[in-house]
Structure formats: structure tokens, C-alpha cells
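Next come two complexes, and both contain chain A; in the first it sits with chain B, in the second with chain C.
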Partner chain A sequence: MAGFADLNLPAGPDKKGLQSLLEAAARLGYSAVALNHVIDFKEKKQEIVKPASPSELFPSLPIVQGTSKRIKVLNRLTLIVSDPSHCNLLRSTSANIRLYDIIAVFPKTEKLFHIACTTLDVDLVCINVTEKLPFYFRRPPVNVAIDRGIYFELLYTPAIKDSTMRRYTISNAISLMQICKGKNIVMSSAAERPLELRGPYDVANLGLLFGMSESEAKAAVSTNCRATLLHGETRKSACGVVYTVKKPRKVEEEETTLPACKKAKTQA
Partner chain B sequence: MARADPPPPPPAAFERRVLRSAAEHHYLRVRLELPDGGARPSAAQFKQLVVTALRELHGEVGAALPVDVLTYEEKTLSAILRVTSSGLVKLWSALTLLGFYQNRRCAFRVLQTSPFLLALSGNSRELVLD
Partner chain C sequence: MVRFKNRYVLCEVVSEDPRCRQCIEDRAVGLAVREAIARAHGDYGLACCSVSFTVKYLNAYTGTVLLRCRKDFYRLLCSALPFVRQLESRNQRYPCFFNTLHVGGTIRTCQKFLIQYNRRQLLTLLQNCTNEEERRSIRQSVLSCSLTEEQSQSGDEEDDDDTETD
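Showing the complex of A and B:
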């Protein structure tokens, strides 16, 4: 079973705040989080910085509740694109882009949404949840995105902060659900404080409110996050990734502990 | 494309039984998280907070949902709520989206939910396994 993941924790200069966020996420049961670096092309002089490796930032990562493993920290890059020329950056093989585990785009117009879904080499497409949608989702680009294994991201923290944004979050989420039918959705937080984080089961329950089924809602915080991560990893390799897991060995003592009379019967 | 008629299905060797959860109520064990040094709600204020959360998200219909606070500990801010099964998603989502108590940030942590009250007496997630 894929563990729970939160693919959007804003990475800021505040290391102490980030540490407390990580601790809160681990306590709530998230086994992986992604630190989000945002690049907005509207502001001048935006450079893609080299992400710091999590082990440098945090010497000791907190242990996930209920397991004995430490939380996994990833790096994610979000590009806010409002003009088609901004996408050139993704096509060029910039060295720094390759250092990020997940790449997301936030399209501002319908045309860019179409480009993001159909041609761009990204893992996540962010859905605007803080204002009224500037365009309607259309079926063709969304279907192409689902075929290509690109996921749509919905944030829930704006819905906690403000009642107007809550309205937009729910209405935009429902209109997306009508098109993608609950498939390929990732729900993440974008929480800046530990009190804005919610547990994975709470978020899955929120998915029911957005019109997903129970299994789709749970996938939105677990398996879909893992799929996004693997999709990001395929970018670094030639064609794909294969994971091997050690299979727990069958206990062979069972046979030997059987009474001798039963053994003889099966052989006869 | 020509298709051969499928052979008649063999008589079912099994009987289908659908068991729906007949439980009338669901129980939730919740904990309210407040920033340090804030005023702690009393039991009545706690119930008021839950109803406010329901009204914020689901309006008057939500506020009319039968929710009971069975136990409430002011020291740990943890409580056990009872809600009719059909209102579980409404109550849970309302608690999730509650962000403020008296203009200060707060968060509801839903620790456990179950159709059986007895199940809340222990929590397997808190067990230390090795």
C-alpha cells in the first residue's frame, strides 16, 4: 500500500517553521512530503535555484506516526505560467530543473491549460482554488492528461482560511470532477503553519465533499501521489522506472511442524 | 464480426448477500488543537463550536444535524462525538474545514471514527510496533 503524501509544503527561508511543519506532517501520518519552490514569471529576475538536499536542511527527520521510518522529503518546482513563452524553459534541458523530483505548472489561461495537459513534460497541473475559474475545463485536454499520467492538484488550505475561498475551492473542484470523473486528482495542503495541516483521512473525507467516491478520495492522498512521484522519476531516465521490493520469505517451518500422520497422508 | 452465443451460465452455486451497515450512529474521537496560551472552551462552548463549524459549511441544515458530545475533557481538549451515520461526512468535513476559534487558529484532529462506541476505547494506530 502506498503511504500518504502531501505534495505541497511551501519551502521558505524559515527553517524553523519548516521543521515544525515536517514534524506535524509526520505526526499526522504522512510518509512523504514535497517542499514546493514557486517561480512566478510575472515578477522579474526569477531564477531556478538549485534545491537544497533535505538531509542538509534537516539533520534528523521526524519519524512517521505508526511506523519506524523517517519521513521522506522531496523537492518540487511550480511554474506559474501566464504566457506561452514561459513554457520554453521546460523544453530546454536546464540543468537545475532536473534536480527537482516533481515539476508542476499553474496555467492561467485556457490555452496554457491545454498546452500543459497535452504537450508539456510536467507531473502536476495546479487548479486554481482561490478565485473563480477564468475558463471552463474541456474534456479533450483533460482526457489527454489522464492518458499521459499527469495529475491535477487541488489545495485545501485556502478553504480553511477563508469562507469565500472555500466556496471557490468547492465549486472549482466539483466542475473539475464533472470532467475528469474523480480520476487523476491529487489533494495537497500548501499549509504554512502546522495548524493548517489536516490528517490524510480528513483530506480523503474532504474528497467526498468534492464529489469523489471513497476509493478515489483515498487514492488522491496516497496512490496518486506516489504515481506523480514515479512520473517525475521517469523524466530522469530514458524510458521508465522499475521498482523491486523484497518479498517476505514464506515461513517454511509450517510443514515441519505438522504432525507426522498428516504428512504421510498427503504423500500417499 | 460474428459472435457465437455465450453458453448459458451455470446455475449459481452461491447466494449473494449484501450486508449494509445498519448502524444508526457513528462515533468520532476528536481532539481540538489550539495555539498555546489560548482560552480553552468549556463543554458548552465546545458544542457551540461544533455547531458553528457545521453551520459555516452546510448552513442551517447542517446546524440541525443531530450531533451529541458524549464526553469532553477540558484538560486534553478531546471529546467523543456521536452523529447519525448519514451525517458523518458532513460533520467530518465541517470539522476539517474549521480553522478559527475566537479569531485564533485552531485545528480539529479526528483521531478515530467507528460505528461502535466500544472501538474507541483503544487505538491501534498508537501502538508501538517493531
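Showing the complex of A and C:
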């Protein structure tokens, strides 16, 4: 079963805050977490910084509760685009972009949403939850995005903090659900403090509020997140990804059954 | 057919402030949950969920809370739990949040889950132990926690009857 993952933890300059966030996430049961670096083009021109590797930032990663593995920390880049010229950054082969595991785009207009779903090389498309969407979703670009393996991201922390945000979150989420039928959705927090994080079971329950069915809501926190990570790896390596899991073999099995190649030789 | 079916939601109160633990009492927790339901689902939600709503069990040391509500409305309750932001009692507010652990149909299933969960927590604590004394006492607690028919031995659960006659 895919572990739970939270793909959006804002990466601020405060190391101790990040460490406490990581510990809270590990305690709640998240096996993977992505540190989000946001680039906004409305402000002065910003360079894409090289992300610091997690082993430099955090000397010891906390262990996920319920398993005995350490939490995985990944890097993620979010581009807030309000103009088509900003997308050129993605096409350019800047060396720094390749260092990020996940790339997300936050489109502000309908045309950019269409471009992001159909042509841009990203893993996640963020859906605005803090204000009423200026455009309606249409079925063609959403279907193309689902075929390409792009996931739509919904944030839940603004809903917890403020009542007006809650209304916008729910209305935007429900309009998205009506178009995409609950597929390809990823729910993540944008928690700045450990108190704003919620456990994966609770986030799946919030998905019920947004109009998803139970299985879709649980998938939004676990399997869809893992699929996004694999999509990101595919993008980095430019081919495909086969994910193998080692199954532990019991000792008695090895004694009684011979491996297939040996069997053929003895029979012949 | 004639029995009222309930759902028991097992949650854990997580907070940064250690003084919040003293504030965990059944009235404060019940008020906080009701307020969250009212904010999320309005008057209808609050009215539905309070039909058979009680706080059945509290453990202030571990922050474990067991809530009960009707089976028809447990989704309203579960979906409103993430919105709890603070606990208030005796004019003191502590920011905290609820982490849902398990939803069960009877108190006994929740108890079984809680025993397994606590055992896992004790094992995690065992790894972070510094003192040999502490190690020994934790090992003893892990060995002694189990669910027995007559009387529970884990020390903090009480075997409760789950059928209601209403």
C-alpha cells in the first residue's frame, strides 16, 4: 500500500520551524514530504535557486510513526504564472530545474490553465482555494491532463484557518469534482506551523466534504501522491519508471520450491 | 433491527503546549467538537450530530478521546473534526488539533485498536529511552497490555457494554 504523503510544506528560511514541521508530519504518519519553493513572477525577476539537499538541511530525519523507516524529504518548485511568457522558463533547460523532484504550476487565467494541462511539462496543477476562481473549468483540458498523468492539487490549510476561505475552497473543489469526477486529485497542506497539519485520515475525511467518494479521498492522500512522485521521476529521466518492491521470501518456501530455471533443466 | 447503531470515533489530541493536557476534560472537548461542527455544517449538522453525542472516554496523559455519535451522521462528525483548532476551559485557551485514529462500531473494537496503538507507541518510546530503569518499566508495560474478557489489564481502558437500550 502506498504510504501517505504531504506534497506541500512551504520551505521557509527557518530551519527549526521546518524541523518541527517534519517531526509533526512523521508523527502523524506521512512517509514522504515535499518542501515547496514558490516562485512568483509578478515580483521582480527571480532566479531559480538550487534547492538545498535534505541531508544538508536536516542532520537526522525523524522516523515515521507506524513504520521503521525515516521520512522522505523531496524538493518541489511551484511557479505562479499569470502571463504566457513566464512559461518559457519551463522550456529552457536550466540546470537548476532538473534538481527538483516535483514541478507544479499555479495558473491564474483560463488560457494558462489550458496551456498547463495540455502542453506544459509539469506534474501538478495547483487550484486556487483562496479566492473565487476567475474562470470555469472546461472538460477538454481537464481530460487531456488526466490522460497525461497530471494531478490537480487542493490545499486544505486555508480552510482550517478562515471561514471565508473555507467557502471558496469548498466551492472551487466541488466545481473541479464535477468536471473531473474525482480522479487525479491530490490534497496537501500548506502548513506553516505544526498545528496546521492534519493526519492523513482527517485529510481523507475533508475530501468527503469536497465531494469525493471515500476511496477517491483516500487515494488523494496516498496513491495519487505516489503517482505524482513517479511522474516527476519520469520527467527527470525522460523515459518511463518501473517501480519494484522487494517482497521478503520465507525460508521454507525456498527449500520446497525450486526456481523456474532449475525446474526446466531437471525435467529435461 | 431495534438497536440504535452508533459509531465510536477514537481521536488523539495533539498540542505543542504541555499544559494543554490538564485542560483535556470531557466538557471542554465536547464543546470544542460541537463548535467545530457548527462552523462546518451549520445548525443542521450540529442538531444531527448531537442526537447521541457524548465523550465516552478520556485519557489526559496520552490525550486519547473517544466520541460517540449516531451511525447515520458519523460522516458529519468525522469531516468536522479537522476543524477543531483550540480547547478552552477555565478561561484558558490552548491551540491544538485532533488526529483521528480509528472509527469503530463498538467500544470494544476501539479498545482493541487503542491497545495495539499504545503498544506501538511504547515500542517507539523504548527506542528513545536513555535510562535502564525506564527501559525495564516500558518492557514490562508492553508485556502486560492485553485485552482480557473479565477485566482489562492495560491500565487505562474500561470494558464497557456496547448495546444500548433506548
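In the analysis below, the second predicted complex is superposed on the first by the 249 of 268 C-alpha atoms of A that agree within 3 Å, B and C clash if a C-alpha of one lies under 4 Å from a C-alpha of the other, contacts with A are read in each partner's own complex, and residues count from 1 in each chain.
By definition in this document, a residue touches a chain if its C-beta (ideal position, glycine included) is under 8 Å from a C-beta of that chain, and two chains touch if they have at least 3 such contacts.
Since this is a predicted model, take the numbers as computed values, not measurements.
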Combined model on chain A: chain C and chain B, fit or clash: clash
Partner chain in contact with A:Pro62 - chain B first, chain C second, else both or neither: neither
Touched partner set for A:Ile160, first chain B, second chain C, both or neither: both
Partner chain(s) touched by A:Gly211 [first = chain B, second = chain C, both, neither]: neither
Which superposed partner A:Gly17 touches (first chain B, second chain C, both, neither): neither
First, second, both or neither for A:Gly199, with chain B first and chain C second: both
Contacts on chain A seen with chain B and repeated with chain C across the two complexes: 28, 65-66, 156, 159-160, 163, 166, 195-199, 201-203, 205-206, 208-209
Contact footprint of chain A on chain B as seen in their complex: 33, 35, 56-57, 89, 92-93, 95-99, 105-107, 109-110, 125-126, 129-130
In the complex, chain A residues that touch chain C: 24, 27-28, 63, 65-66, 156, 159-160, 163, 166, 194-199, 201-203, 205-206, 208-209
Residues on chain A engaged by chain B in the complex (per definition of touch): 28-29, 65-66, 68, 156, 159-161, 163, 166, 193, 195-199, 201-203, 205-206, 208-209
Complex interface listing, chain C residues touching chain A: 14-16, 39-40, 75, 78-79, 81-83, 85, 95-101, 120-121, 124
